[in-house]
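These are the structures, in structure tokens.
The following pair of complexes shares a single chain, subunit A, combined with subunit B in the former and subunit C in the latter.
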Partner chain A sequence: MNVLLLHLAILFVFPPLLLGSIGKTKAFFAGRIGPPLLQPYYDILKLMQKASVYSVTTNWIFRAAPMVSLAAVVSAGILMPVAGVKPPVQFGGDLILFVYLLALARFVIVLAALDTGSSFEGMGASREATFGCLSEITVFLNLTILALLSRSLSLSEIFLGGLSSSWLQVGPVLILVVVSFFLVLLVENSRIPIDDPETHLELTMIHEVMVLDHSGVDLAYILYGKAVKLFLFGTMLVSMMMTFRTQDLWVDTIFFFFEMIGFAILIGVVESTMARLRLNKVSFLLFSAFIFSIFGFIVILVRGAHP
Partner chain B sequence: MNVWLDAILILTVILGLFIVASTRLGTMIQILGLQSLILGCAPLFMYAQDMELYIVLVSLVVIVLRGFIMPQFLFWAIRHVSLRSDVSPLIGAGTTLLLSGVAIAGSFLLASKLHFPVKISSDILIPSSFSLIIMGFLLLVGRTKAISQVIGYLVLENGIFLFAILLLKKMPLLVEMGILLDLFVAVLVMGIVINHINDEFKNMDTIQLTTLKD
Partner chain C sequence: MIFLLVSLFILTTSSLLIFLFCQSRKISARLFLWSLVAACGFGLLSAGSVLCQKTMVGPLTSVDFQVPVHLPLGEFYIGIDPLSAFFLLLLFIVSLAAGIYGYGYLRDYSGPRNVGVHLALFHLLTIVMVLVLVAKNAVLFLAAWELMTVVSYFLITFTNDNEQVRKAGYIYLIATHVGVFCLAFMFLVMGAQAGSMNFDRMTMTPFPLGLSALLFMLAFVGFGIKAGFIPFHVWLPHAHPAAPSYISALLSGVLIKIGIYGLMRVMVIVKDFPLWCPVGLLIMAAISGVGGVLYALGQHEIKKLLAYHSIENIGIIALGLGIGMIGHAYHQDTVALLGITAALLHTFNHAIFKGLLFLSAGSVIRSTHTGDMEHMGGLLKRLPWTGHLFLIGSLSICALPLFNGFISEWLVFRSLLEGVFHLDIFGIIFSILGIVALALIGGLAALCFAKAFGVIFLGHNRSSEGHDYKECDLTMRGPMVLLAVICLWVGLFPTTMVDYAFQAAQVLTGVPMPLALKVAIMNPLLLATRVLSYGIIIFVILALLRRFLMRHYLVHLTETWGCGYTKPSSRMQYTASSFAKPILKIFRSVLFFKVEAVRPKGYFPTEGKLSSSVKDVSEIFFFRPLFFVIKKFSRKLKWIQSGHTQIYILYILFLLVILLVWKLH
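After this line comes the complex of A and B, so read on.
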């Protein structure tokens, strides 16, 4: 029971801290002090207290979307092992549910953006849908490789020890998976080389343009959902790379915190050192991610997952 | 299985993909240098159990010649013709990347059908060599600037080298050195030809050469 609470506590409380750490890292690179580490929490709390404004052209889809999206992302989180802790729900094949819950979250936000009737938001929706379907296939291919390596179709078995011997046997393939997954992660969470989460006024943005009409509690839900999504992808990346776990619960949790902060700093460094790609180069980047994972997949097929 | 050798092979193929996907000549040359450098270390890992002096020598020559001297020479060539990128390739970078992915799959398929008389220390060595050769071909046919075709030729040659290190024990040192000398002269000649094309015709687009008449 305690373990279950720990999992849920980390899942619910930790995510906005990631955004805060990314902000701090970027501020450090720019030579500024930057907003406080807990700023995302303040933002979400502030938005929670405000009322929402709804345009008269929208209908119930627009109002339901933020809630459905947050619910889908959090349900995906319930399937994901965090800090070496077993998730509350697990069954064979839950990785497919995981990917489609995230897809559902994206889908309702896209619908809500189309529902506003603004051509600007429609453009963002079109971009998000395009990049979404290009990245989904890569995510699935990577998960297939991981499933083959750990002989399991359940996220909790893959990430809790399923990969521990694979780094010694087929390390190079896992490096391919990690690189490809990191590229997809940047696309899925609209981080800098693909999309700039800071700007609101440029024609090239993807995710932010879809949520321009949301306000108050709805915007808080969307912000929080975005943080949880980043947290989930980060957890996956970190669990792929750090397969070593001491069996002590608290030591593992502390390790996990440091790993996630390291992950946030990595994203911050990427965002500070790279310029945003031109929009038509994004599909190119997704192609490369896809080819990396295809390459890994072929090597696994030829070599066998357990040589 | 030798994980380090696998890592080297996969890394060379990935760097090959980077070369194929980029159109900026400076980047292509840098990555080519890095690829050759990593490739030069392959014999050391492959024959780690029974190391002999000439294996170290071959590695060293490849690392110095291909990793450092040739990239310097190519840099000199692009400085001389003041060219920075291959702007209008016949096959776009995205398409080439996709074709390379197909090529990688194809070479794994092909390699699984072949039987070799010698013992192969890693079963992804032959496929990666084939993939590098095909990527070199793609660069050769897909690009219009002579300098990127030279880079394509060198990628192809890297693939052949990967194939040849299988026979390092059976092949005399002299042959290996002969190949390297050949290659060096070829690059030198091509560099000079590029410069002459540039001097004569004010650009070095090889497409233009087909329209030349007496």
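After this line comes the complex of A and C, so read on.
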């Protein structure tokens, strides 16, 4: 029970801090002080206290989408081991449910964007759906590699110790997977170099332009859902790289905390040092991520690390 | 068995009666409706009674019925084993829904065709499809199969005053007859090997590997044409838009599934194939799946889009079947059972949600009088029932959690992942191929249905004319609600249907399902539904929180934020083509994606045009040249065809004399 509460607490409280840390890092590179570390929390709280404006074109789908999307992302989080803590539910094949829940979250937001009847939001929806479906393949492929290495189909077994010996045996494969997964992570969470969360021109946006019409609580849900999604992908990346565990719950949790902050700083560094890619180059990035994981497979098959 | 015979009896007598009373539209329609309900009720009972048997049903035990009259070659020998029963289940559900919908659809039909005859043919189609599914004799099977093709041709060409419809019917007829040719050849080879046209005898006969490979290829072409594998799919995108919507639902929901049934039946009979056969099936499945959904993305006609999605789903089904057969070839029962179960369950699910989608697409077309998505938009407000039912269908076909498509795609994924675990390096490579294909299909399908639902039902109406859209009435709404409820039921409580699919899968693999494996599959499904129920609880909490936070505010309604532009028109919305363009551009090298533009010229341009289209590669580059060549050669044989009956009788005489001489030697 204790562990369950810890899992849910981390899942609910921690995610916006990642956004704050990314902001701080970027500010550091730009030579500014930047907004406070807790700014995303303030933003979400502020938005929750505001009224919403709705377009007359929209249906209930527009209003329900932020809630469905957030609920789907959090349900996906229920399957994910966090900080060495076993998730409340685990079963063989839950990685498929995990990916499909994230797909559901994206699907409803895309529908909400089309619901407004605005050409800009339609544009964002089209781009998000396009890149989303291409990155989904690579996510699946990477998870399959990890499943093969850890001989398990459950996220909790893969990320809780299933990979510890793999770094010694097939290190190169995991490096390829980590690189490929990091690229997909950037796409899925609409970070630079794919999408700029702080751009000011609607024509160049991907994710932000989809949610232009949302306001108040709805926008708060969307922001929060985005943070949780980033958190989940970050957790996966960190668990892949840091397989060492002390078996002590609290020490592990504190380790995890620092690892995640490190991950946020890494994202911040990438965002500060790279320019945005042109839109038509994003697919190349996704293909290279795909090819990285295919290479990973070839290495596994050649090395004979499979049964 | 008795239930099925009663059902067949009701269908036969009532179709004759409808035919007799076809002059009176009211009587024939009433007769049609009630006999359909009764027959489908009995049919479902018969299928259910076989599937619910708790005793282990071996591949050869089935409930049989034989008419002791021996005709030359064949006999009337039918039987229901769990495999047939599983397909009968989906046949009767979809027939019932499509039939009731058709009854409502035709009520205010005012065209020149006789509705009574059409309805009698609908019954006849159900009868022959049932016969195909339960036939235990190859001659009976072929006869029913041929009748099925002909009857469905007449149903497709209901509105044959339209040139397009006639052409589509013609393509359908040719394509399926190529299939019949392969099937007849296949059954002859089987019969020669077994010494009998009886399926039971054939099942007991061992086939050498070389011969079974030949049989597999014949079966793949023959049944593949019906099922709509790429490149044999060309008839599908023509026939579906041409047929009335409830016929499309029946075609896509049941008729093409009978192709899958045939393939499975051949696997029951022949059992062991060389490894490259299932591998070939898996590759063709991946091509069909990805190709189908990519073509679907390029379509702007709603029923054409749905037709291409049928090809995609046949691909998913065959992915499960292929990995199951590979597992069978490797003697890995876990992989084999899982893959085939997944294929069967997806067959059922696809029948249900595709039926739902075609029926609701029919309601859209009925009220907008067009199938072109670019002229629709904002219909959710005008047609709330149709819109929400279409949404349920879309969510199911995208395999999103809570709906039935997810359960079967989850099983297909699971079987492919088990393939990665249990097979050797060769098997792993093809399992990975399957995983990549399925992941891509899943993503693209979601994209395509976001497009379809978004463009048709959301946003502003793009049509310039003001229509008074009429929502469909109860007889059309009822069947759609039935199908939607089944979608949700299987999505939330999957155990019953998975259990039925297990029963049927055992017939194919010939090994009983180990209890441990059953638990290993059912438990995750139950846990998955538990996660989904958590999700629903979270959703409710979020909704309550939102309501609590907004309790003091009035909801403020205004126009959509136009990013500073103050005079947006509905024509400026993102269209279906623009929505799909990014992904089509990425795949343009395999897709034959063409954009034709007439650029505006000068300072005061008067003309400007832009249109994009996706052409079907196999139709343009394979079948058209092929048929051109065939036409050229067959023209040279034209002198044989004089058109006089006497001369044809002379030909028959010649043939008989030749045969006689051959026999006497």
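Quick notes on this one:
Criterion: the second predicted complex is superposed on the first by the 303 of 307 C-alpha atoms of A that agree within 3 Å, B and C clash if a C-alpha of one lies under 4 Å from a C-alpha of the other, contacts with A are read in each partner's own complex, and residues count from 1 in each chain.
The rule we apply is simple: a contact is a pair of C-beta atoms (placed from the backbone, for glycine too) under 8 Å apart; a residue touches a chain by one contact, two chains touch by 3 or more.
Everything numeric in this text was worked out from a predicted model, so none of it was measured.
After alignment on the shared subunit A, the placement of subunit B and subunit C results in a side-by-side fit free of clashes. Considering which of subunit B and subunit C touches more of subunit A, the answer is C. In the superposition on chain A, contact is made by A:283 with both subunit B and subunit C. Seen from the C-alpha centre of subunit A, the directions to the centres of subunit B and subunit C diverge by 90°, a value given as a multiple of 10 for the model superposed on chain A. In the superposition on chain A, A:265 contacts neither subunit B nor subunit C. Looking at the shared chain after the overlay, A:242 reaches neither subunit B nor subunit C. Here the smallest spacing between CA atoms of subunit B and those of subunit C, following superposition, is 9 Å.
Shared contact residues of subunit A, touching subunit B in one structure and subunit C in the other: 283, 301, 307.
Chain contact summary for the complex, subunit B toward subunit A: residues 1, 3, 6-7, 9-11, 13-14, 17, 21, 93-94, 97-98, 100-101, 104-105, 108, 112, 123-124, 127.
Subunit C makes touch with subunit A in their complex at residues 377-378, 380-381, 395, 398-402, 406, 409-410, 413-414, 417, 420-422, 425, 428-429, 432, 435-436, 439-440, 442-444, 446-447, 450-451, 453-455, 458-460, 520, 523-524, 527-528, 530-532, 534-536, 538-539, 542-543, 545-546, 549-550, 553-563, 568, 570, 572-574, 578-583, 585-586.
Contact residues of subunit A toward subunit C in the complex are 48-49, 51-59, 61, 67-68, 70-72, 74-75, 78-79, 89-94, 96-97, 100-101, 103-104, 106-107, 110-111, 114-123, 125-127, 129-130, 132-134, 136-137, 139-141, 144, 147-148, 151, 153, 202, 212-213, 216-218, 221, 280, 283, 297, 301, 306-307. Contacts from subunit A toward subunit B in the complex involve residues 168-173, 175-176, 283-284, 287-288, 290-292, 294-295, 298-299, 301-303, 307.
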